[in-house]
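In the two assemblies presented below, chain A is common to both, partnered first by chain B and then by chain C.
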Partner chain A sequence: MATTASISITSADLMPGSSLNITASSTLTKAGVTADLDQKESGVMKLVTGTEYRLGPLATEMAGDAHDIASYLYVHNRTTEDATYYVDWGIHETMIGRLYAGDWMFIPWSASDDGAEIEIEPQGGTNIIEYCLFNSDVILPTAAS
Partner chain B sequence: MATISANATISSDISSYPITISGAMTMTKSANPSVGLEETTGLRTKKFTATTAAVIVEHDELTDDKAHKVYIRNSSGSRANFFYVAYHASAAAAGTAETIGKLYGGDWMLFPYNGNTNITVASSTSTETQILEYMVFADGIEAAKG
Partner chain C sequence: MATLIPTLTLSSTDATTDLLNFSITDSLNITQDVVGPSKVKLTTSDLEIGPTSYGKSYVYLKNTDETIAINIEITDGNSAMQLAAGEFAFFPWTGVAGIVAFSASGTPYLEYAIFEA
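Up next, the complex of A and B:
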């Protein structure tokens, strides 16, 4: 059950004297060990502006010490490209960056508590995002009897 | 104007139906998506032999509220060791609210960054040397004043 993440960053003219060519690849594993991750969730969502949304589980929705669970998040803003459209992303209420239309991001994520969730907030209008979270040990809510 | 292309490929057979995610982007300025980023702090490589938190991206060198991108890779080989990566003035640890995650040996990350607070890291080990590679693709660098 291997999950592999690869990246390539290239530019011939950012530093004209030295062409940029970064490549890297990693097999995503459980925290601190070489066992493969074995769970994932993914989706496509339309996000209406003016609201902050949580992406992924809370720390208490993961088994054991949530901060010892390795999770990896991929998000792609599929909104039609427009300079006024972006998704603010951050940890809890601290916004870290702007995922503009057409941009993608890939991060490791580990929550120390329920106040360290991934938060996203669309700006400019309705943004469409595609996401995939790779992890392990997520607990589903108990069904009501 | 420079053209910087970043492509991600994520392949997984966790489910019965293997998936391949392909992401492609050209890094552009916040004010104009048809104009490419044209500044960088350069690609840096740094050895860490202690667990003390360190600032790897100083926000006051970058223009606030822009479309910067940060690439970080833990080029060490051990999956047992990692770097905490945080969006914080000075700290990076499990209990720091703005810690994003743990970057294990071999892992990489690329994320949009607004330039409003430092990016900090802390190695999980002082007994083994870990090496970090990082680069900021900047949407505005504030030149140091004399």
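Up next, the complex of A and C:
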């Protein structure tokens, strides 16, 4: 499953006399090796205010070896409301940033332990996100008997 | 005020039978401080590249090394991500917690930029 991520960041007016044009590209692989990732999970979620959500598995829910902790996370806030609507994102209890309507993020994420989970929490009202998680083996929960 | 336009493209011919190929873009108003594209040599010791003096911002990171991984912590000691060789990240950041970078080994170079909205 060879997946490629590319980014460009441009601006014609950020720095006078010098337009900005950053480009980068990489192939998504398992940690420390060039092997492709095995799994992809994607979807659209409606996030209700007052609730913290976890995106992706916990470390203990992932099978495999040290190469399998690498994941890549893409999140886009599809909310069309005003600037009072946003989604806080963070790792465990550390809030890192806010995805306002139309914003997106892409990060490599290492599920190194259960205290490194991705948390998101909508603010201002119901937010809608689309997301895509590329990772390796995940242990499915045991069905209720 | 300046306009920053970040665009991400994800593509794969074999992730699923449904071909993956999409681009997402945004238009961001940048009105405050900017760290333009910069490149710094890291060691295994912490280096703060994003101090908490920043407010609402967008961060670009890229590991330019061909073999060595770079660790990123947001609040020192709180592991946030590991950039393998050649990998990049782009994410919104509030500046509440500082961004710290250090190498897994050796002295790789980190390319980074910070755009404060």
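Heads up, the rule we're going with is that the second predicted complex is superposed on the first by the 137 of 145 C-alpha atoms of A that agree within 3 Å, B and C clash if a C-alpha of one lies under 4 Å from a C-alpha of the other, contacts with A are read in each partner's own complex, and residues count from 1 in each chain.
What we mean here is this: contacts are C-beta pairs under 8 Å (C-beta built on N, C-alpha and C of every residue); 3 or more make two chains touch, one makes a residue touch a chain.
Predicted, not measured: the structure shown is a model, and the values here were computed from it.
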Original post:
When the two structures are superposed on chain A, do chain B and chain C clash or fit side by side?
Top reply: clash
Original post:
In the superposed arrangement, which partner chain does A:134 touch: chain B (first), chain C (second), both, or neither?
Top reply: both
**OP:** Check whether chain B or chain C contacts more residues of chain A in the superposed model.
**Re:** B
Original post:
Now for A:15: first (chain B), second (chain C), both, or neither, which partner does it touch?
Top reply: both
Original post:
Once the shared chain is lined up, is A:82 touching chain B (first), chain C (second), both, or neither of them?
Top reply: first
**OP:** Based on the superposed arrangement, let me know which partner A:110 touches: chain B (first), chain C (second), both, or neither?
**Re:** both
Original post:
Where does A:123 make contact in the superposed view: on chain B (first), on chain C (second), on both, or on neither?
Top reply: neither
**OP:** Find the residues of chain A that appear in the contact set with chain B and again in the contact set with chain C.
**Re:** 1-15, 20, 22, 24, 26, 29, 31-32, 40, 70, 74, 76, 89, 91-92, 94-100, 102-110, 112, 116, 132, 134
Subject >> chain A partner contacts - residues on chain C that touch it in the complex >> reply: 2-16, 20, 24, 26-28, 30, 34, 36-37, 56-57, 60, 62, 69, 74-75, 78-84, 86-94, 96-97, 113, 115
Subject >> For the chain A and chain C complex, residues of the former touching the latter >> reply: 1-15, 20, 22, 24, 26, 29, 31-32, 40, 70, 74, 76, 89, 91-92, 94-100, 102-110, 112, 116, 132, 134
Original post:
Okay, in this complex, where on chain B does chain A touch?
Top reply: 2-15, 19, 21, 23-28, 30-33, 37-38, 40, 42-43, 65, 67-68, 71, 73, 79-80, 82, 85, 87, 94-104, 106-114, 117, 135, 137
**OP:** Note which residues of chain A are touching chain B in the complex, please.
**Re:** 1-15, 20, 22, 24, 26-29, 31-34, 36-40, 42, 67, 70-71, 74, 76, 81-83, 86, 89-92, 94-110, 112, 115-116, 132, 134
